[in-house]
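These notes open a run of structures that come right after.
Each of the two complexes below includes subunit A, the first together with subunit B, the second together with subunit C.
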Partner chain A sequence: MKLNIKYFGLLAEVTQCAAEVIDFSGSSVSELLELLFEKYPILENKDFQVAQNQKIVSIDTLVSEHEIALLPPFSGG
Partner chain B sequence: MKFLPSQEYMSRYSRHILLSDVGQVGQDKLTQAQVLVVGAGGLGCPVLQYLTAAGIGTLGIIDFDVVEISNLQRQILFGTSSIGTNKALAAKARLEDLNPEIIIQAYPEKLTSDNALDLFKSYDIIVDGTDNFGTRYLINDAAVLSNKPVVYGAIYKFEGQVSVFNYQNGPSYRCLFPIPPKEGSVANCSEVGVLGVLPGIIGSMQANEVLKIILEFDHVLSGKLFCYNTRTSQTTTLEISKSVAEYEKIEARKNSFKEDHYDATCELSVSEISIEEISDKKPIQFIDVRELHEQPQLNLTNCIQIPLRELEEHLNQISTHTNNIIFCKSGARSQIAVSILQKHNINNCFSLKGGAAALMEHLKINAYER
Partner chain C sequence: MKDRKPKNVFKEGAISSEFIGQSIAKHQSKTSIGAHNIFLGQVRADVIDGKTVSAIEYTAYEEMANAKFHEIRESAFEKFNLTCMHIYHSLGTVKIGEICLFVFVSSPSRKDVFKALEFIVEAIKADVPVYGKEIFEDASHQWKVNS
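Moving on, here comes the complex of A and B:
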């Protein structure tokens, strides 16, 4: 299925895009992450959470929605 | 407590009192509220300004830092004449002019695991306006242990996050990000820059959440993370679920909380060294901060063993004439050790990357070469 992936903060810098559409044939969020780590190896060293359909989910969650967001923590103040 | 509002009170807060959902009842709630703002920086300044203007009865400000000229681009409570002054004290001076009717308590010190619980006791709501992960996790955990809501804001370049944590049984910051990020992985404003107006927007939203909590409005931003991008004007609100396991972990550490070194797990300034770089540092002294029973045991002549938890009792054993290479199993405890020693002004210390395993490998290779 086609997924809309949105990258926040630093992640948009390392992927050099704020959002993109990718083809995904796997099932879980962790499989999706493997795919993204292949595409952007530097992502693997970054801290972030994954949201599916605007809800933060664990990596063993099944990918069932098209809207995925990768959200890093911010420290600035 | 019943008090007769003065003419000045009615005039000062008339625009609140005119709102049917606030009224004098709501204003009285604000006047009786006690809010602690941690960090009087980019976020803290607008939060403090609006809360002072709104007539929050008691406002606490804790910040150990002093005002620098580079702060003035976004830290709107300060002027050129504040440069060099402690931020909590400088903010208090400005805010007392804005509203002399409220109590402003300045704490020109650092929030630590040692003072956090006592300090939080006197306040109803804690505002997180800090600029580093160590203090953010410290605020979160202390707020969970003292059952206070935290109004959270954080920024990165052109993006901001806002949420309310630990509010009416809702999730905490650790339910969103359970583990503090790896060292140096996320930069703050002083390293990467920030457009001055961003903390103004995010801080104002934090002030809004504080008022919503005190006024007992619905739709407090709990269980949700609001994200705003100032360049694209895009907003996203993500749902966060509560993790009971994360709460239990914090509760479990209640008795040892004061000994926890929150800085050390996140601070960016710990000096690390790789095994290859050691030869440049002679003369050296190794310090093994593992427990006495931990394997592998290394047969080093220039090595002393002080388990991490006893380190502060044995500072007199730390040489000031050599470079001290501190190691543990993997390199995590040794970083904490270095930051403890730095706190005691012992600065000739380095945390060995890779720990005992890296050291052993290195010794093996050198043995063959001989």
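Moving on, here comes the complex of A and C:
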């Protein structure tokens, strides 16, 4: 399935990418992350959470929605 | 409680003292209110490794952030006896000394607004996907981390 991957804050800077479409044939968030770590090795040692369709999910979650966001620690306010 | 729709909390640039003053004035007609409480987040000129912060550039996962702000609003209305609540957060560049977050709660009585304001501000810091990039005077930067 085609996924719309969004990167925020520090992660958008290190990947030099704010959003991209990725073809994903695996099932879980952790498999998706393996794919992204191959593309952007620098992500592997960064601290972030994953949101699927704007909800934070664990890495065991099945990828079922098209919008996936990588969210580093928040720093609003 | 479910009739409130998610609002857009974000404003481009700093939140002006005129805007804050007008927000207060608008509540004069709501005469069941006996207490307001206001939190203003201001951009601080932190010195890090000898370099001074001159501004913060804010970005956000806007759709998710507005949904989170809405959840925070709903749970604050459930927990506390509030008449109304307003939250505004800056996007883009906010210079040191300027306001980047404005939270305004109103209630018939003071005890609710004291507790509600702390609850709301802490929830914003913890749960809302907003990112601050601290820009130093020499134009270098680092990503802010909330303590």
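Convention: the second predicted complex is superposed on the first by the 73 of 77 C-alpha atoms of A that agree within 3 Å, B and C clash if a C-alpha of one lies under 4 Å from a C-alpha of the other, contacts with A are read in each partner's own complex, and residues count from 1 in each chain.
What we mean here is this: a residue touches a chain if its C-beta (ideal position, glycine included) is under 8 Å from a C-beta of that chain, and two chains touch if they have at least 3 such contacts.
Nothing here was measured: the structure is a model prediction, and the numbers come from that model.
Within the superposed three-chain model, A:Leu10 lies in touch with subunit B and with subunit C [touch as defined at top]. The wider contact with subunit A, measured as residues touched, comes from B rather than the other of subunit B and subunit C. Of the two partner chains, subunit B and subunit C are each touched by A:Phe74. When the shared chain is aligned, subunit B comes close enough to touch A:Lys46, but subunit C does not.
For the contact definition in use here, the residues of subunit A common to its subunit B contact set and its subunit C contact set are 6, 8-10, 51, 54, 69, 71-77.
Every residue of subunit A that touches subunit C in the complex is listed here, in rising order: 6, 8-10, 12-13, 51, 54, 69, 71-77. Put simply, subunit C touches subunit A in their complex at residues 41, 58-61, 63-65, 67, 89, 100-101, 121, 124-133, 143-146.
Within the complex formed with subunit A, the residues of subunit B that make contact are 39, 41-44, 128-133, 136, 153-157, 159-161, 176-177, 179, 181-182, 185-189, 192, 194, 199, 225, 227, 232, 236-241. Only residues 6, 8-10, 18, 45-47, 49, 51, 54-56, 69, 71-77 of subunit A touch subunit B when the two sit together in their complex.
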